[in-house]
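Both of the next two complexes hold chain A, though its partner changes from chain B to chain C.
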Partner chain A sequence: MEQYLPNITHYAKNGGDRLEAIQKDLAREDSRRAITYLNHHYHKTRSMFRKGIDHPGWQDPKFWAVIEKEIKPYTFANFQRAANDLYLKVIGRTYLLSAIITIICLAIAYPLAYYLTKLKSTASKIALFIVLIPLFSSFLSRTVSWILLLQPFDLMNTITAIYIGSVYIALPLSVLPIYLAMKNVDTDLIKVSTIAGANKLQTFRFVYFPQTVKGIANSITLTFMSVTGYYITPSLLGGSKGLFVTEQIIRQVQYTLNWGLASALAVIMLSTSLLLFYVYYRINFKGDSNA
Partner chain B sequence: MLKIFSYAIFLYLLLPMLVIVVFSVDGGNYFKVSDFEFSFKWYSQLYSDPMWFNGIVTSFKIGITTVVCCILLSIPTALWLNKYKNGVILSIIISPIIIPSIIIGLGWVFFFNDIGFTNSFVNVVIAHTVLCVPYVVLMTLSSLNNYDQNVEKSAKLCGANSLQILKDIQLPIMLPGLLTGSSLAFITSFDEFIVALLLLDHSTQTLPIVMWSYVTDIISPSVLSVSVIITLVYAVLIGIGRLNQKHV
Partner chain C sequence: MLKIENITKTYKEIVLDNVSFYANTGENIAILGPSGSGKSTLLNCITGFENPDCGKILVNGRNITNLPSNNRSLGMVFQNFSLFPNMTARENIAYPLRVKGKDTSSVLDILKVIGMEEHANKYPSQLSGGQQQRVAIARVLIYNPDVILMDEPLASLDLKLRIRLQKDIKELLKDTTVVYVTHDFTEAFSMCDTIVILNQGKVEQIGSPTEIINNPRSDFVNEFVCETWKDYTASIFSSDILSSSIR
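Let's turn to the complex of A and B:
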């Protein structure tokens, strides 16, 4: 039954030419059955459809409650809608942009963290403080300052602006795990490998790098997960194009009031988050029991 | 080479903060360096504009209530986790740090809507508590790291009841972690935007929401002055946290 109902709600909720749409729908056999079905639960339904939009029943919240109830619990319609082209594109784009931002962060964070470990103690404290400085201010003000910085260069409302702003916000998160891993690198092993005749590249590839892999993995999962949830930065710097899933979800909750679709999108997001969280859990809590 | 690269990144990280501070004391034309004019008029506007003032008060109210809830929840949780090291429970508790807050916020919106509970202030506090509790639990756990269970046992043998043990042994040990965690929790709640936006009501116009409304059309320079003040508040809070960690 419920497969016909979303059509009716769709027509009725979107206003405008809904009367025409409903009348057109009435001509079809299946919607007549849908109306008969609805009439059992809300006895004015049939006359509402006959008299059209002027009938007071359309304003009755009870009618909409019946429709909501009929649609809500048992259907995958929301997922079907979420799987339609537009929303799939949004989800794909979110993950693509987040992946690119994570890679940029990693490319900056790895050498930067290495530089931090090479500094003397006071200098490294100051440098670490500078790296953490973005965390000292509110999320919104960090983005606002980028608006002011990017406007003169005509970069506002572009993807470049999103990259610059998001990398700025995510960078401390991606530097810290790598820095911590590099701090714990066993320097004696590096000496040993040099004595054993390995060149710099080989030492890096076979001795240094493997010891920082855990930090890199942590950095990637943390950065990626936090970037997929960004809302303020992409919508302010990207010009509210709705590039990120979060923007779409908030739009569905606040303006279109399509809560079903919002939660379908959130569940898709959550499943990836949980997957990544599992990875994070495995890296940090499992196989670490003897530590 | 590495040095130049690192300095460039430092500049990249510092520049926005510099911009905020400079333009927050600029009373001249909107964001033009050429006609810079030193004035504190955007700071005084924070006090005179009721929207800003309400936002600051609301944010403090929500933040402090959240921190109190977090502390009350964290004390037993941290003690329990310290005794029975349970990785699964710990991961569940710290998951809000990692899972995007929109998902948690959306869940709360549906939940409160379904049970018909519409006191927005309480709703925001509950949702924020879930988001902030991981920081307090983690920090408290780290101060309990070298907590000796035998001390507790000997206190018990000497006839102390569990309330005395909590007050005289466990709380003093947990205190540094609780303070650091609380300052982090307060910052998180103070800075939280998405959940507050979803559960929005006239009584929960928190500071980020007010800032958002001043940013979306034309950027009001008072946003920058409020940013500077927020940064100072955060610096003080983080300083408190650091100070405490050093003494122990």
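Let's turn to the complex of A and C:
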């Protein structure tokens, strides 16, 4: 099909000057077939060719997006575009910010989860419920609440605001896996270590911490993967600075209609997430034949 | 020598009521009783994970009642072995020396004693139940504690292995004071010199195994001993030990 399309696009772009030629060529069978095909994807195509250059469809970017897609069905050009300095910087910055947010979450989540496991049953349930409350409200309302809280401190549209909002939203995801790992720590091992003469720090370092490593790996994976996909929080709290790659993807989709580039950026992000998931899988199921 | 003097512990109700007994150096003593008789609480009081309301615990004349758990010179073997899953057999055994900053070269000797040299670099998940239990015992023996506490150390093993390990444990721990906590009279009978029978936090009877069988002081002791013997005989008949010995 694409062999006919360059011809049509040429007509379309220069239609005003060459209307007669267009109408003549449209009588050809292959051109008609091409137009019928395009009409499936952009339903005004047929009438556009019938009415000529005055039809408003020629001004519609969606029509040109269809044309571009059809004449270049498979190409790596978008990946090449995504690999330029601008987007690589954005991707790098996304990972850096996500890593910082994940580390902050981990630094808060580990002691918090430890504290939760030490509470008595009812108190522990209540405290865990409080930690999980953010998950029960919508992403947008949580972020908007932070706008109200941060405005009086002049923190809006700053990187600090992004950190605060993202950490708050991601924290339940960080706490839960660590809490579960800590709940499953065999208390007899702690007793054995203590009776054998180890002090609290040694017991923590050699016995307790290694048993929570899988929980930490789960927490890092979950938090990092979800934070790299944040869009609402950085754009509302950070002032649409385009710090996160998700903001760039939305720009390409909504404003420049460069869906190919948006897809390429999304595929790069998805690949990284899959790579991270693979690392997580290796850590969690190393040597486990049932995995 | 381990001496327990008038230990009392109360939660909502009395769990241990004026418990007293002693075990001489090198003596194996069993604390026996049904579930809820206060065995575990007593063990926790001895190890320091619980504080008794009153009473004293003395080890070789030293009052350890209020000492922290890591400073009581005790060793403990649990029912589920409780080996550190992230350490090999060798590292598990070396652990008590490592945390005290001592030389760990004696680990190889003790691995030979328990016949586990070939398995030194295996993780607990790669060892059988009997091998794990030997490593757990070696981990205690390596630092030569004054008293070794064993909390139903053979309960999770099958009968055949249990009988074999009973001999091994007796041989390995012959010079150490051992407190053996169990609800199984037959195990206590074969491994210990003295048996303390607990019932609802109180000492029902203290005596040698034969003394307890021949002269039970209460209906409870009599019934308890008979019940566990009955279970033991039934398990012997249902296992392949009898059939293999007949063959």
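The rule we apply is simple: the second predicted complex is superposed on the first by the 207 of 291 C-alpha atoms of A that agree within 3 Å, B and C clash if a C-alpha of one lies under 4 Å from a C-alpha of the other, contacts with A are read in each partner's own complex, and residues count from 1 in each chain.
The definition used in the following text is that a contact is a pair of C-beta atoms (placed from the backbone, for glycine too) under 8 Å apart; a residue touches a chain by one contact, two chains touch by 3 or more.
Here the structure is a predicted model, which means the values were calculated and not measured.
Because the two structures share chain A, they can be overlaid on it, and in that overlay chain B and chain C fit beside each other without clashing.
In the superposed pair of complexes, A:S47 makes contact with neither chain B nor chain C. Of the two partner chains, neither chain B nor chain C is touched by A:S271.
In the overlay built on the shared chain, the residue A:D188 is in contact with chain C alone; chain B does not reach it.
Judged by the number of chain A residues each one touches, B leads among chain B and chain C. Judged by the touch definition given at the top, the superposed model places A:L148 against chain B, while chain C stays out of reach.
The gap separating chain B from chain C in the superposed three-chain model is 22 Å, by closest C-alpha atoms.
Chain B contributes residues 2-3, 5-6, 9-10, 12-17, 19-20, 23, 31, 87, 90-91, 95, 98-103, 106-107, 109-110, 190-191, 193-194, 197-198, 207-208, 211-212, 215-216, 219, 223-224, 226-227, 230-231, 234-235, 238 to its touches with chain A in the complex. Note for the complex: chain C touches chain A at residues 47, 49, 69-72, 74-76, 78, 80, 82, 84-86, 95-96, 98-100, 139-140, 143.
Listed in rising order, the residues of chain A touching chain C in the complex are 186, 188-189, 191-199, 202, 206-207, 210-211.
In the complex of the two chains, the chain A residues touching chain B come out as 108, 111-112, 114-116, 127, 130-131, 133-134, 136-142, 144-149, 151, 168, 171, 221-222, 225-226, 228-229, 231-232, 236, 246, 249-250, 253-254, 259, 262-263, 266, 269-270, 273-274, 276-277, 280-281, 285-286.
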